[in-house]
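Presented sequentially are two complexes of subunit A, the first with subunit B as partner and the second with subunit C.
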Partner chain A sequence: MISNRSKYATAALFLLPAFAVYTVLLIYPVLQSVFMSFYEWNGIAGSKMVFSGLDNYKTMFQMPEFWTSLANVLKFILIGFALQMPLSFFLGYLISRKMKGNRFFKTAFFMPVVLPMTAVALMWTFILFPNGGLFNTLLTEIGLGNLVRNWLGDTTIVTYTTPIINMWVYAGLNMIIFSAGIVGIPEQLYQAAAIDGATGWRKLRYITIPLLKDTFKIYAVTCFTGSLRVFDIIFVMTSGGPNGASDVPATLLYYQGFKYMNFGLANSIGTFILVAGLFLSIVTNRYLNNDK
Partner chain B sequence: MFRKIGLSGLSVVVLASVLSGCGDSGKNAESAGTADAGGEKVKIRILTRLASDQPNATAFRDKVKEFQQLNPNIVVEDLSVEDEGTFNTKFKTAVASGDVPEVFANYGGAAFAEYAKQGVAMDLSEILDSDKEWSGSYLDVFENWKFPDVPGTYAVPYEFYAIGIFYNKDLFAKANVEVPATIEEFEAAAQKLKDAGIVPMALGEKDTWRGGHLYSVLVDKKMGGQIADDIRNRTAKYNDQPFIDVLTQMKSWQQKGFLGDNIVSIDVNAEKNMFHTEKTAMHMDGSWYIGEAGQSPISDKVGFFPFPYYGDKPENKDVWMGGAGGAFSISGKAEGAKKEAAIQLLKFVTSPESFQYYQQVQKGGVFPVKIESDPAKVDPLTISYSEAFKDATFKAELYSYDPLPQMMDTVRNGIQGMFAGLAPEKAAKSMQDQVDKLLK
Partner chain C sequence: MRLARFRLGGSLLYLFSAVWALITLYPLVFTAMSSFKTTDEIYSAPFKLPSLYSFSNYARALFDAGMLRAIGNSFGIAIVSTLSVILLGSLASFVLARLGLKFGNAVLLYFLLGIMIPVHTTLVPLMKLVSGVQGQNHYLTMVLIYTAFHLPFAIFLISSHMRGIGKELDESAALDGCGPIRLFASIIFPLTMPAIATAFILTFLYVYNDLIFAVIFISDKSMFTIPLTMLTFVAKSLTEYGPIFASIIVSIIPMIVVFLIFQERVVSGLAAGAVKE
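Up next is the complex of A and B:
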């Protein structure tokens, strides 16, 4: 008989490669990132790193562009909850029903997730092109010419445009999450509700939504963390412009590190993203905890 | 549960870590590669922005190929990427990890001084002095790679540029417009073109350097070359009245439609496309555009004129934005056979013969060396270009003289912000505020 100790040793041995890879590729860089956020470093190998305590964090919180970037993240989160969540839920609900063409819609809604973000962002940049872009042309053609805007060039609009495009991309992915949750609800509950006289809306209201609490929790966590670390769509579509209006923390991090050689400050922004993400995840989990 | 939260939270920082966690204290200083100590094959890497299918890039790659054929013991690995942002990221990642390619392109300026000081780039003074036949062919264009507090010369230029205006002769004729010499004439011509339904001079301000170039040119013409030193020495401020005047003028051109519609959403490619499809009559660009103009659908209609000067400032007529553009440096860490191979390659691709070849392939173009041009092989645009700047003094983009590397983006973004709605005074103030904040 194999002893417990030997079983643990074997398990540890099998886990070791994954743990080693995880440590080298994720834990170590994260810890190094946090460590470097307390130093000033110009990004040149061999040059001295100077301990600066909390100076980088002080600078970060004093940067008006940092607060602008947080306001933009907030817009991502608000649009994520106000528009993307209902849309994803609706799509998930739709594809979970037994209806004709189900597989086609599932694939069609999921398509944007499969496409490379750079390609999607470029495609939307062209669609939203102010002169001759598809969207503005369409608006003009259907008699809504007065709604034509410079969607990516107007500082007051661009911060809403990019989260909406982001929604277009990720609605498909979240649709799958919601759909998986809906499929997991036992059919008997609906049958019992039907016997009690519940109609479609009441079933949705009193069975589907309450039983999807865990799914909503997953959505909330991914929405918070995804909004905090959004980068690619902004970088490709606007580069944070015009004049930094659409910057997000990750673009600021990139510019501080790779343009201005302020690696310490860049790392403090990275650490902020980590801590804020962790904090929001914990709070979300606590408030949406099933046990309470 | 907590572990789950931890994992989701950790995922937040993956981007941050990937982007910023690559720095170390130089433990990886030895460059990678397969240099053979036995002397059989030496491998060197080059990182440039000459990776496109444009004539200047293909001509350069031809020369690298030729070099390899002549030196079978040297293997050149080309890591070049054309896009400026990608290039910068690649280069700075290499600098941070201490693994800089043996030969790399850069644009010098005050921000490069730190690289010179820290030994990222090698001092090439001795190499330049020891081979006068090669270095003697160069014009005096090394300013961007010499620094007051770091003795030496840290790169050899391979590009030379001067910003002027390319124009469509047919559209000028259609609108009955003459080539303008002064800014005042330029504005009158632009109005005439606008009235004729032609965009006078489109500007692709989504790429912020477009507005930055226009600003620098106008500042040079208004305040003269001395202003670069004044910015460097902090005796001038970005919100001094003449700077505000320049910004106000740019804004008024935008408002009058001289620069096209919705300019902050249009990039430089769209801007060039407008010029090539005859939607705009003028295109402000550097001498690197000559080759592209020659291959464009309107090649036979393109003419060139120097950027106009202010009628009341004739003394600044010949101050041009220009000088050496890109240059090649050798890694300060290169040693032994790799160093020798890198020097050999550098000299080969920047020899007068190579520049002559580049000019032939591009059917023109101006270079930082004295070379004999064959009029049969060089297009008239190059000749008129060279004629135009024979009395010029060159200044780089204004903010490249600023010791604060952030100022390039700050000024360019400020200009973009102004085109997006900010008042010129506020844009100028935001630029100076950044200086004051960073100097605190």
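Up next is the complex of A and C:
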């Protein structure tokens, strides 16, 4: 066996660099963010932070922009459950069948996940341009000209456009989560069900979906936390606009902190994102475990 | 009768697959085609193949918009950050997974906590920290920050693989007089290669695609990464569709290549990352 002394010396030598970098640049800032959310700070390096109690939170909860950003998160969650979950499940089901061209489809469906979000978001911004953008042109060409909209410029429509583009990006990733679950279901269960006369739909309803409970739980948690963390797609496609209509908490945090220098407020938004995410994960895990 | 219905169901599923593949790929194909066209042609013939394959849009994107330099910056930062994540991550994983220390599990949990932390929560304090040491516009700052943020997931991947390697190896190595450093370097590290490769590819992908840290910490044009360069170019020349589409293509090609070569690792690794959150 390795002697204890050399074991601890190695442990210290090997562990310290990772521990130090991680603690100083990730853990310390998180704690600092919670701490600073109770202080007022003007952002000038070296200037004093002034204790302000719950003022930042009061400001945050009184801001109409904050509630708009929460409503937008809610739309990401709604579309995440109403459209993206069935779509991802279905795609997962498709690629787990022994279908011709399976490999091609899996590659194609997954492709957007690996692409830089900035490039993808810019691509969609140009495709969705109101005048001469590909999408509206396409609608007109196929005789659906009355559906032409200003997809990113209308304050209501934009809050649905962005979650749908987000779905275009992430459906492939969630597809893998579902297909992993589907592949894990033992074949014998289906065979037994087939002997009992169950057909495709009933197999799906009574075997596949109930057995994928854990997968749905994982999806629910990633949908909640992912929706709370949305940033890139909004930052690039709309900058939170028009007029703040598409802001989400993370873009609000960025603009409040780095544009308007309201660092205290930015930290309270950051703390909110952190706490809300943890809260939703814990509640989802507990709730979906209890009714087993 | 039943056979007919089965076939119908099968071909419906096939049709749906084809439709979603079209929805996924067509925007990329459209962007690629448009990257060769003039602005007039993009407007007048959006669905047609380019009338001639001119690379002038690419020249404009690479040289005038600064994409060439940005590619260098992005690749440089991503590769150095990834190497640093792999080095620190595999050393830490070795200690946590192989040495059987009392506090090993607690420290591992401490690292895994980082996977659940939303990046944006840390931004203001990080900015305070970095500006306190005048660290903006430094490659080292970027590398250290990316290292900190991608270590948790790398440690998760690498340490779980290291745990699976038989303990007898360590004992026989010790009997042969092999110290912990050699044990790590010549036995455990090579045996962990599959997980290390996955961690490498994923970290590279995450850092290459990152937007927010570049936005916060880089303002010096000569250091601009690909996302920053594209955003400034679009803000300045909103109507230059051709060059903008060319820059989009230039920025996604490396990721498509990485993805096609390492598909299985990328897919399973990214899925593991999503599930872990």
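What we mean here is this: the second predicted complex is superposed on the first by the 264 of 292 C-alpha atoms of A that agree within 3 Å, B and C clash if a C-alpha of one lies under 4 Å from a C-alpha of the other, contacts with A are read in each partner's own complex, and residues count from 1 in each chain.
Simple rule for what comes next: contacts are C-beta pairs under 8 Å (C-beta built on N, C-alpha and C of every residue); 3 or more make two chains touch, one makes a residue touch a chain.
Note that the structure is predicted; figures quoted are calculated from it, not measured.
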item	value
Partners on subunit A (subunit B, subunit C) - clash or fit	clash
Subunit B versus subunit C, judged by how many residues of subunit A each one touches	C
Partner chain(s) touched by A:33 [first = subunit B, second = subunit C, both, neither]	both
First (subunit B), second (subunit C), both or neither touched by A:229	both
First (subunit B), second (subunit C), both or neither touched by A:260	first
Touched partner set for A:216, first subunit B, second subunit C, both or neither	neither
Contacts of A:124 with subunit B and subunit C, given as first, second, both or neither	second
Touched partner set for A:107, first subunit B, second subunit C, both or neither	second
Touched partner set for A:76, first subunit B, second subunit C, both or neither	neither
Contacts of A:57 with subunit B and subunit C, given as first, second, both or neither	neither
Partner chain in contact with A:241 - subunit B first, subunit C second, else both or neither	first
Those residues of subunit A which subunit B touches in one complex and subunit C touches in the other	26-27, 29-30, 32-33, 36, 41, 43, 45-46, 221-222, 225, 228-229, 231, 250, 253-254, 257-258, 263, 266-267, 270-271, 273-274, 277-278, 281
Sites on subunit A touched by subunit C in the complex	1-2, 6-8, 10-11, 14-15, 17-19, 21-22, 24-30, 32-33, 36, 41, 43, 45-46, 87, 90-91, 94, 97, 99, 101, 104-120, 122-124, 126-127, 132, 134, 137, 141, 168, 172-174, 176-177, 180, 200, 218, 221-222, 225-226, 228-229, 231-232, 235-236, 249-250, 253-254, 257-258, 263, 266-267, 270-271, 273-274, 277-278, 281
Subunit B partner contacts - residues on subunit A that touch it in the complex	26-27, 29-30, 32-33, 36, 41-49, 128-131, 150-155, 221-222, 225, 228-229, 231, 239, 241-245, 250, 253-255, 257-261, 263, 266-267, 269-271, 273-274, 276-278, 281-282, 285
Residue numbers on subunit B that touch subunit A, as the complex places them	1, 4-6, 8-21, 23-26, 28-29, 85, 88-89, 92-93, 95-99, 114-115, 118-120, 206, 208, 261-266, 405-406, 409, 413-414, 416-422
Subunit A-touching residues of subunit C, taken from the complex the two chains share	9, 13-14, 16-17, 20-21, 23-25, 27-28, 30-31, 43, 46-47, 88-89, 91-92, 94-96, 99, 101, 107, 110-111, 113-114, 116-129, 131-132, 144-145, 147-149, 151-152, 155, 170-171, 174, 179-181, 183-184, 205, 208-209, 211-212, 215-216, 226-227, 230-231, 234, 241, 244-245, 248, 251-252, 255-256, 258-260, 263, 266-268, 270-271, 274-275, 277
